[in-house]
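The same subunit A turns up in both complexes below, where it pairs with subunit B and then with subunit C.
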Partner chain A sequence: MEETVMNVLAEAIGTEADQLDADLELFEEELLDSFGVISLLVGIEDALGVRIEPTEITREEISTPAKLIACVQARM
Partner chain B sequence: MFLLEALKKHAVQIPERCALITAGERLTYARLWERSEAFASYLNEKHPVKDPVMIYGHKEEDFLCCMIGALKAGRAYIPVDITLPADRAEQIVADAHPCVIVDFPGGGVGADSGIPVLGADALAQLLEEYRGREVSSHTWVAGKDPCYILFTSGSTGRPKGVPIHCDNLTNFAENLYPFCDPHEKEEVYTNQISYAFDVSVVSVYIGLSLGRTLYSLPKTLTENMAALMETLGRSDVGFWVSTPSFAELCVTSALFNGELMPKLHTFLFCGEVLTHKLVDTLRQRFPKARIINTYGPTEATVLVTASEITAEMAADERSIPIGEPLPEVTLLVTDETGKELPEGERGELRIISRSVSEGYFRRPDLTQKVFFETQDAQGKTVRGYRTGDACYRLGNQFYYCGRMDFQIKLNGFRIELEDIESNLMKIDNVNRAVAIPVFDGEKVAYIAAFVSLREPDGLPPLKQMLKIKEAAKAYLPSYMIPRKIVVKDRLPVNTNGKADRKALAAELSRP
Partner chain C sequence: MMTPFDGLLFFYILILALIPAALLGLLGRPVKHWAAVVNLLFLLLIFSSPRALLALGIFAAWETLLTVLFRGLWRTVKKRWTLWLAVALALVPLAAVKLSGLLGWGIGLLGISYMTFRALQVLIESYDGLIPALSLWEYGFFLLFFPSVSSGPIDRSRRFCADLACTRTREEYVRLLRGGVRRLFTGALYNFVFSKLIYTFVLEKLPDTWWGLLLYGVGYTLFLFFNFAGYSAMAVGTSHILGIAVPDNFNRPFLARDLKDFWARWHISLSTWLRDFVYTRFTMASLRQKWFKSKHTGSYLGYILTMLTMGIWHGFSWHYILYGVYHGLLMCLNDVLDTRWKAFKKMKKDKRWQPLLMALTFVLVSVGMLLFSGKLI
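Moving on to the complex of A and B:
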């Protein structure tokens, strides 16, 4: 699961999964914007069947790869 | 000027109705009239030469008052969004020579230009000082006076200005009113897009002239979906105007439906490809609302086609049509020589209409390339514009099939890929840059750039990308900065010695 999430995230950012540190600040570094978040959530739903309602999360909850994985895990 | 005449009437007949709601603040028609009168009085007194007014900001209440005030003082406004970096804003200042700059965030635009700059506080003070002063309707914009100049991406890397005059706008409004229930009544329009993009002209010129309330949805709201849905839920919006991208963002929330927005009866889309997927979703979520698709370049005043999307069109496997020409508009699908092609054949779309601009601001060289004049059926001269859009026609409906050059639409923004490239090449260590659109079906999903460096920097790929993105912020607005940036030792070239875009695009689609 973690690998899948990292691959989807890397795709949404435009990089490779091996470039992403667990604590990389995705919004502070401007790697994700509103449209980036949407492609991330859609990508996660397509790959894992886990739907995250965009209104149910704040940017803070998915601000690093580690937090994002925890967020997906909690919904599996 | 039809908008000013309508506003004058509204200020007397419906003075307490809201013209604009921004972040909970309510601007009534009486106050919009009064504040725009004050700004116009100031302009006429202090800046008698009718040079344009540049307004830098986002969705501030007084942004609208300044726009209307400029029109009353017989001059154009140049709306510039805060997403534009200082370097680019300064280019507009240098090209447009505004008589005054209103700088809402106080970012220091035009500070070295010698042009007077009004910050938000100075403006508020000035509007207080001139309060109660009135201007005569003789000073209003009329006929071929430009009303606004929008600066759009230019292939040389420098934005180019498109002036739209009063007669263009009158023609645009007369063409579109039949789609908007042209009776004075209480109704709320969305006011989402920055005033620097012309989709906003629908809400400002059609909405305000009909006495409607514009509901601002500032950019910050899109960063918080829960707040966005909550705001939409209490907005009472009946007439939705936006790019398809903004609606696509909204539909990712399951809350966005007819129960959240029971008054919503019309979606009017403009600015980019409307996909079947969005149409299908909206038809399910808002069964009572009609969906109108429109099409038009900034050069022809916002839009020149419109059609309600029928069940047949939604079920058709062809793309969603961009609509049929509005009553006064002639659209021709032509070959390279300008000869009209038969129905069903692909060619460049040419627009002939009284909505076509006089040409690019102080750029006769660029104007000559794409604008032309022709005779209408009555022998009167009308202007025409070569869109660079590849289209075909079936019956009265027109279908879009992409660009004939390197211009793209991303999330509703019009972007010249060469503009991105020449600005990336301004970055110190960047030698060459090639920007490539990455498609998701018929829409551009994001932009990728391939870059070669002058000196190897020894950084890992993500760090390289972040460094270039950070440096690009000095030259490009955020929506033009490529999502993906790949550094390569050498960029492939084709037999003509030009960057091999096909090879680079193939590299992106490789799994």
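Moving on to the complex of A and C:
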């Protein structure tokens, strides 16, 4: 699951999964914007079948790859 | 009728009403019951004419009934069309008021644009299953919370209800109170001093020439900021003293390095509402159902649709529509620069480039405000 989430995240950002540190600040570093979040949520839904509604989560809850993984895990 | 946050009498009554709230909070007691009494009193003062009170009553009853029926129906029939129908019906009063302005029917209700967006949020998030419980008292309080009833900020129901449910410790309330009082004073300074000075000594003095018009764009941008950010700060400050931590609506917008950054700092509660309930939903649907070959096309159309909604939300006038389209196109251009020109992101982080980018953003915003002012068309 973790690998899938990291791959989806890397694709939403436009980079490689091995370039992403678990505690990287995705919004502060301007890696994710509104469109990035949408690509991420749709990607997670496609890959894992976990549907997360846009206002179900705050940006703070997915601000790093580690938090994002925890967020998806809690919904599986 | 009393205008919110205007006139000595309003502030006199407000201070008298806030003192018991502050005392309760400082004793570590719940503030919400007193806040409800204060809310009712101010609603009666603000909507004091029989006509205004009737309009508010009909609007609130309509939105409440719709929400109760929709939430009841949702438990048995979770179909997308029910949400579309509920959203359309929730928009009927707003459309009637806006059309009335255009056709001179004489129907009006202060703050209807703001209250409608709060009602829509509850409907959409109920459909998403994010609001399992919402009592009538919570809904009514949220929809008709007087500090933000006429001009925002547009709070979110789950955040608002969490504040209603919690009792803060003395220390927590002291922090809230301190911030609230600071915002009330800052807001008054912005609204009653700076914005009035700009209006009297700049906007009213400019000649009717092309350069006068250009300066008007700059002056009007600053005027709107001090006027509206000041009003918002007073509304937020009052809410905080009443124990409801309504989020701030402005965050130093003239330090924005591009238009996306600007909208994250200006009228934040409106721009994030539009981001969450228009842009994100449209773009997500376009990606899920693969409406376009390129996934960016959905996003660009999403920006145009979102900003057009923002323009029309201000009123059915050509200059508001043009203002929306202008910002929609600028958001698309911003996105193209972000994705296609790698140096742009680096420049935004580079302290040497930032002053230039801030100045350029301010100029683009000022041109938008000139369109918004209706001086051009």
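In this section, the second predicted complex is superposed on the first by the 76 of 76 C-alpha atoms of A that agree within 3 Å, B and C clash if a C-alpha of one lies under 4 Å from a C-alpha of the other, contacts with A are read in each partner's own complex, and residues count from 1 in each chain.
Please note the rule applied: contacts are C-beta pairs under 8 Å (C-beta built on N, C-alpha and C of every residue); 3 or more make two chains touch, one makes a residue touch a chain.
Note that the structure is a prediction, hence the values are computed from the model and not measured.
In the superposition on chain A, A:G36 contacts subunit B only, with no contact to subunit C. When the two complexes are overlaid on their common chain A, residue A:P54 makes contact with subunit B and with subunit C alike. Of the two partner chains placed around the shared chain by superposition, neither subunit B nor subunit C is touched by A:Q73.
In the superposition on chain A, contact is made by A:L20 with subunit B only, not with subunit C.
Overlaid on A, the two complexes show subunit B and subunit C touching the same residues of subunit A, namely 14, 30, 33-35, 38-39, 41-42, 53-56. Remark: subunit B residues 222-226, 229, 245, 248-249, 252-255, 411, 445-446, 448, 460-462, 465-466, 469, 478, 482-485 touch subunit A in the complex. Contacts from subunit A toward subunit B in the complex involve residues 13-16, 19-20, 29-31, 33-36, 38-39, 41-42, 53-56, 58-59.
Within the complex formed with subunit C, the residues of subunit A that make contact are 14, 30, 33-35, 37-39, 41-42, 45, 53-56. Only residues 124-125, 128-130, 156, 260, 275-277, 279-281, 283-284, 287-288, 295-296, 299, 335, 338-339, 345, 348-349 of subunit C touch subunit A when the two sit together in their complex.
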